[in-house]
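Think of it as A, B, C and D in the order they're written, each chain with its own count starting at 1.
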Amino acid sequence: MPEENVNMGSSSKILLQISVAVTSIWSVGVPLHHQVWYWDMKLPVKLLKQDVTWIIKKGDIVSVPFNVACGRCKMCQRQDTHICLNVNPERPGGAYGYVDMGGWVGGQSEYVMVPYADFQLLKFPDKEKAMEKILDLTMLSDIFPTGYHGAISAGVTTGSTVYVAGAGPVGLAAAHSAQLLGAAVVIVGDLKEERLKQARSFGCETINLQEHDDVGEQIEEILGVPEVDCAIDAVGFEAYGHGTDHEDAPAAVLNTMMDVVEAGGKYGIPGLYVTEDPGAKDKDAKQGSLKVRFGLGWSKAHSFSTGQTPAMKYQRQLMMAILNGKADIANVVNATVISLDEAPEGYADFDSGAAKKFVIDPHGTLSK
Amino acid sequence: MPEENVNMGSSSKILLQISVAVTSIWSVGVPLHHQVWYWDMKLPVKLLKQDVTWIIKKGDIVSVPFNVACGRCKMCQRQDTHICLNVNPERPGGAYGYVDMGGWVGGQSEYVMVPYADFQLLKFPDKEKAMEKILDLTMLSDIFPTGYHGAISAGVTTGSTVYVAGAGPVGLAAAHSAQLLGAAVVIVGDLKEERLKQARSFGCETINLQEHDDVGEQIEEILGVPEVDCAIDAVGFEAYGHGTDHEDAPAAVLNTMMDVVEAGGKYGIPGLYVTEDPGAKDKDAKQGSLKVRFGLGWSKAHSFSTGQTPAMKYQRQLMMAILNGKADIANVVNATVISLDEAPEGYADFDSGAAKKFVIDPHGTLSK
Amino acid sequence: MPEENVNMGSSSKILLQISVAVTSIWSVGVPLHHQVWYWDMKLPVKLLKQDVTWIIKKGDIVSVPFNVACGRCKMCQRQDTHICLNVNPERPGGAYGYVDMGGWVGGQSEYVMVPYADFQLLKFPDKEKAMEKILDLTMLSDIFPTGYHGAISAGVTTGSTVYVAGAGPVGLAAAHSAQLLGAAVVIVGDLKEERLKQARSFGCETINLQEHDDVGEQIEEILGVPEVDCAIDAVGFEAYGHGTDHEDAPAAVLNTMMDVVEAGGKYGIPGLYVTEDPGAKDKDAKQGSLKVRFGLGWSKAHSFSTGQTPAMKYQRQLMMAILNGKADIANVVNATVISLDEAPEGYADFDSGAAKKFVIDPHGTLSK
Amino acid sequence: MPEENVNMGSSSKILLQISVAVTSIWSVGVPLHHQVWYWDMKLPVKLLKQDVTWIIKKGDIVSVPFNVACGRCKMCQRQDTHICLNVNPERPGGAYGYVDMGGWVGGQSEYVMVPYADFQLLKFPDKEKAMEKILDLTMLSDIFPTGYHGAISAGVTTGSTVYVAGAGPVGLAAAHSAQLLGAAVVIVGDLKEERLKQARSFGCETINLQEHDDVGEQIEEILGVPEVDCAIDAVGFEAYGHGTDHEDAPAAVLNTMMDVVEAGGKYGIPGLYVTEDPGAKDKDAKQGSLKVRFGLGWSKAHSFSTGQTPAMKYQRQLMMAILNGKADIANVVNATVISLDEAPEGYADFDSGAAKKFVIDPHGTLSK
C-alpha cells in the first residue's frame, strides 16, 4: 500500500500508525465504516523504531473503533473517545469517512491506515475463535456499541420496559442491547413492516407507526400501562410524524418519548441530530433548531443523554459477550456480506431502507 | 386549629397527618412555601391511635419538604419523592400551594396540616443547636435542595468550572451548592446588577447579561477558555434573550448552555419549564414547545437533567452541613425575615426581582 | 387468627399492621422464611381507621420481603431496608424468624402478621398472571434479591466473567442473577457434585472443590486465563478448605477470591459471617475474627461489599423479569413444594445439603 | 544526562520517553517520589521522530503521577492506572522507586526519564500561575490523589461525618480531601500529639489514641453519637493497638473502623497492606494474613475499597482546585523544602514520624 494513502487529517500528531488489511467492513448510514482489520507485516511500518509487538503482532486480528481518538487528551483519558480533542480541527470528536468529523478517509478499501493504533486496537484473544464469530465481531466497531450506549444511557436494567424509536440497524442494536441488560419488555416502533419483522425475529414487541398515531395507546395494549420506564431514540432529526400523514417532523421522536416515558425516566439518544441541515424545509430546522415540548419532559423530571458512542468504552465487554455466545448481534441487524465491488449497490439498498446491514469483505475472508 | 383546615387533596389516603405550628416560612417564586415546623400537642391529633413518639414528640423541631409525598409508592421508595404517584390526580408529584401540584394548601399561615407526616418529617437532632441555625435550616425544605439538585445533576465535583444561569434564589442556592461540591470556579449570569452583587458576596464570578451578549466571550475572560465543564439553568422558560435587546426567549438559557458547556458536559435544569403557558405570545410557547438548538447539544454529547428536586433525598446531608457550619445558605440567598402580615409586601418585592429571600415568621420565633 | 399471634418485637411503633394468609413459604437456611401472602378481609384489621385500599385490597396477592423495615428511618428512606434502625433493639436490621434479627416470629404458619405493611408490600399487578408464576414470585422475598445483590455489588455487567463460591440456593440465585446482568461466563465452585449438576443445568461452568485445590488452575482451563473479573461469596464463615483435606476454614472463600479475582475487581459477599460463633473450634473464630490475606487483596486493589440484601430495592424489577419470562429462578434453585406438615422433613433435607429449595404451601395454593 | 540513566524496567515497550529536569520532589514513605518536572530540550530525545509538541513543548511545566502506566492496556484505558498490566512483570501496577513495583528508578535526582510520557504528563495550563502554586502542585503526583482516592472510595460527600485513622501525610491529605468533598466533620486519630496538632490546624477534630482506647466513645463526645458515616484507613498494616499498651496489631485500624462506622458505611483504605511481611513477629502477619473481625463488618453491611490510587484519574480536577485557591494541600501536609543533599536527613526525620512532608528541590527552583 502506498504511503500516500495514509489519512492525513491530523497525521503530524500521530506517534504510531499502522497499516491494516481490511477483513470486513460495513455501513452504518450515509458512509460506510470499516471494522475488523489485521496487520500485515509486508506493509510499510517505517514510522516505527520501537517494539510494538506487545500491542500488535503480524497476524493478530483486531477491531478498530469508528471514533478516531488520540488516547492522550483529557477526554480520551476518561474514556470519552467520542469527543477526542485532537482529531478534528472543527470540534471534539473524529470518525472515519464521516461528514464533519475530521476528514479521515473512510475504510471502504483493501487496506487502511489506522492512526493512534497503539491506543485504539482491540486485539481478539484467540484468533481461531475470533474467526468463528467474525461477522458478529465486525459489529464491535460501531453499531453494537452505538446501540449499547443508547441502552446504557437510557438506564436500561433488569426488568425495565423500553421503547426503541426506529428499527434500522442502530435501533435493532439498541433493542438487543436492552435485552442483554435485562429488559423485561422491549418495544420497537417504526414505519416499515419489514423492519419491524426483523425486530420481532429476536423477541421484541413492535408498533407500526404507519398504522397507529398514538404510541402510548399501543404501549398500553402490550404492557397494560401507557408508559415505559425509558426510551432510546434511534432515529434522530430525520424523523417523520406518526400515522398515515407522516410529514417531516424533526422533533417527532423526542416529543413522543416525553409522552410515553414515565416520570423520572431517561432517554438515550444515539440518533443523529445535526447542527445545521441546509436541506430542511423549515427555517428553524435549517439551523438545527427543533420545536421540543420541553415543558412536558421537565414536568416528568426526564433526563436526556445525547451524542455518539465512545465505542472503546464498551468494545471489550461486548467482545466477551459475543465470544461466549451471549450476543447475537449479526443476526439481529441482519448482517449481509458483500464484496467491495458490490458496495455501491449496498448503499443504494441501505438508502431505500432495507432491513439489512451490509458488511463489505474486500479480501473474501468471510466467504472462505 | 379547626380540622377543616386540613389539606384535602388526597386526604383519604393519609395514614398519619400531623398539625404543626409554622415556625418560619418562605417564598420560592409565585407561591410561598412553608418550611420549619414544630408539633404542638395542644393541636388535635385525633387520627392517631398508635404511638408516634418514635417519629415525633411534642416540642420537636422538624423540617417538612415542599414535595408532598406518600412514602409508599415505587417512586417514594426509590427516593424520587418529587414524582410521588399518590398525591396529585393530574400527574406525578405534589407540592404545597403550587399551581397544578395536587391542590395542597400553601403554608402561609400559623398552623399547617402535614399529610404523610410519618414519612416526611426531618427531625433536627438537637433543639438548641437547631434554633441557633434556624434561618439556615428554614432553607432545607425547598431552596437549598433545589439548588443542590441542580448542581448534583450537572455533575459538579471537585475542580469543576460551572455556569449558573440566573441569580435569583434558586441560582444563588445552586451556586453555593456548586461551591460545597468543590467547584473551582462558579460563574453566575443575570440581567440585574443587584442580584449579581449578591452572587459576588460569597465568591462567585459574574456576567451581566444586560451588558454582554456573548456568554462564551465573558467566560473566556474569567477562565482563559470559552467553555465551562457544566451548567445549571436556574431560570427556566421565563428567560429573556441576552444583550440590550432582551426579548422574551424561552429557550435562551438552554441554547446558551449548549454553546458554553464543553463537550461531554451536563446541565442540571431546576428552572421551571411549563407544559402550557397560556400567556405566551408565541403559539409554540403556549404549548410549552421551545425552539431548542438540539443538534448543537447532540454534537457535543451533552446530557440534560430536568425537573423538581426530591428534597427529602438531600435534606439530611444538607442539614448536617448547616449544623456544622459548612453551609451559609441563609446569607447566600439574603434571607429576610418578615411577619405574616408583611407577606403581601414580600411577594410584591419578590416579583419585582429583589435580591432577597423572604422568610415569614408567623409566631415571631426568629425575632425572639 | 387471634390477635395475640401478632409479632410484638417492636409493635408499639407500628402504624399499619396487616394479617395475611400465607400462600407459599420457603426456607433459606437455618430458619424458614415466608413469602407470598394475601390479605384476607375476614382477619381482624382493627388497627385501621383510614382507607388502605390504595395500598392493598381484599384478594390482592403481595410479596413481603424478609427484611422487616419501618419505612421511616434514614436507612429505609435511602432504600437500605436491610439495616432499618427501628426493628431490632440489638443492631440495625430485622428479619422474620432469624437469630439476632429483632425477635420477629417466622412465617411457617397459615397466617402471619406483617408489620409496616403499608410500606413493605409489593402488590402484583395482575392476579391471574401472578398465579401462573407464583412459584418464581415466591423467590422474590429473599433468595432472588439476595443473589442479585451479590451479583450487583460484585459489579457484574455485560461480558463479565464471574466466580460464584457455593452452589446452595444463594449461590445458584447469584449465578442466575449474574446471567441476567449479562455475564459472559459464570463459574460455580462447590464440594458437592449434586449441587454442581444443578448449576450446570442452567448454563454455568463448575469446579468441584473436592477434587481440585487450585481454583485459579480450574478457571484457566475454562477461560484461558487464571482469573475472573469478579466474584460472589455465597458460602460465608461456614466454608471448608478446598481439596480432599477440607477442614473448617472460615476465611477460605475470602482468600480464594483474593487469589482468583483480577486486579481492580470486586466481590459481593451475601454469604453470612457472624459476629460471634460460640461453636467454633478456633478462639479467633469464636469472636468472629478471621485470618484474611488482606495484603493480597490490597495489592490487587480489590473492593468488598458485605451484608444482607435490601430486598425491597430489587423486588420490583425482579418481579418484572419473572412476569415477562426473563428469569427462571424457581427452576434455578430447584424449588420443591411441600405442605406445612412436611416442613420438619424439609429442614432436615436442607441441612444435609440437598440441592433443593423447599417452599411450604400451607393452604395448598400451589397444588390447586 | 547519559542515556544509560533511563529506566529500563520495561523500556522495550516504551514508545515515547522524555527526559525531564526535576523541579521538585518529595517523600511519601519509605522511598522518595518525584513529582513536578519540566522538559529541557538540551536533553537527548533521540527516540522521537514524530512531532510531540502537541503533548509537551520546551519549557512546559508538567506533573508526573507516581504510578508508571502504559496507557494502552485495558486497565489504563478505563482509568485504572494503578494496576497497569505492562509495567511490572510481578503484578499489575508500577511505581517509581518503590519496592516490588516494577524496578523503576526513583526520582531523587536532577533529571529523570519518564516512560510513556505521551500518556502520563499533566501539563499546567499557565506557567506563571503554576509557579505561584508550585509547592501545592507538587502534591499532585502522589499524596493528594492518594488522600482523595481514600475519601472518594469511602463515599464522603456533602454533610458526611468521617473518621480518618492516621495523621501522617496520607491521613492529612485524606482529611483535607474529605473537607473538599463537603464533609460536615472530619475526625483524625493518631498516637502522636504533634501530628494531631497539624490536623487541628486546618479544622479537623482529633483523637489521641495514646490516651484513649475507645474510639467510639471519643467520637460520641464530638458528634453526640458513637459512630461516623464512613472512615479512611491511612495507616495500613503498620498499625499499633490503641491505648497505652500499644503493641503491634496489624488489623487494629480495620477492626476499629468496623466498630465505629455506622451500618451501611464504607471505608477507603489507602494505607498499605503487604502481601508478605518477613519482619513481622506473628507467623500470620508474615504471610500478610490479618485477624479481621469480618463478622462485625458483615453484620453492619460495610463495604471496603482497597489499594493504591489511580493518580491520573484525579490529577486534573485537583490541579483545578489548587490553581483556583480551593485546596491548601501544601500547608495541610506541612510541606518543607529541602535540597537534594539534605535528602538523607529528610528521610531520617520522616522515619521518626515528623509531621512534615519533605519536598526535594534539586535545582533550587522553589527558593528562587
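One rule holds in what follows: contacts are C-beta pairs under 8 Å (C-beta built on N, C-alpha and C of every residue); 3 or more make two chains touch, one makes a residue touch a chain.
For clarity, every value in this text was computed on a predicted model and none was experimentally measured.
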*Same or different for subunit B and subunit D, where same means more than half of the interface numbers show up on both copies?*
same
*Could you report, rounded to a multiple of 5°, the rotation needed to superpose subunit C's C-alpha atoms on subunit D?*
180
*asked:* Looking only at C-beta pairs that count as contacts, which pair of chains has more of them, A-C or B-C?
replied: A-C
*Taking each chain's centre as its mean C-alpha position, how far apart are subunit B and subunit C in Å?*
40
*When you check subunit D against every other chain, which residues touch at least two of them?*
316
*Please give the residue numbers of subunit A that touch subunit D in the complex, ascending.*
12-16, 47, 49-52, 54-55, 71-72, 74, 77-79, 86, 118-119, 312-313, 316
*Which of the residues in subunit B come into contact with subunit A in the complex?*
75, 80, 82-83, 91-93, 153, 237, 251, 254, 262-264, 269, 272-277, 284, 287-308
*Spell out the residues on subunit C that touch subunit A in their complex, using ranges where they run on.*
125-126, 148, 157-161, 180-185, 224, 316-321, 323-324, 326
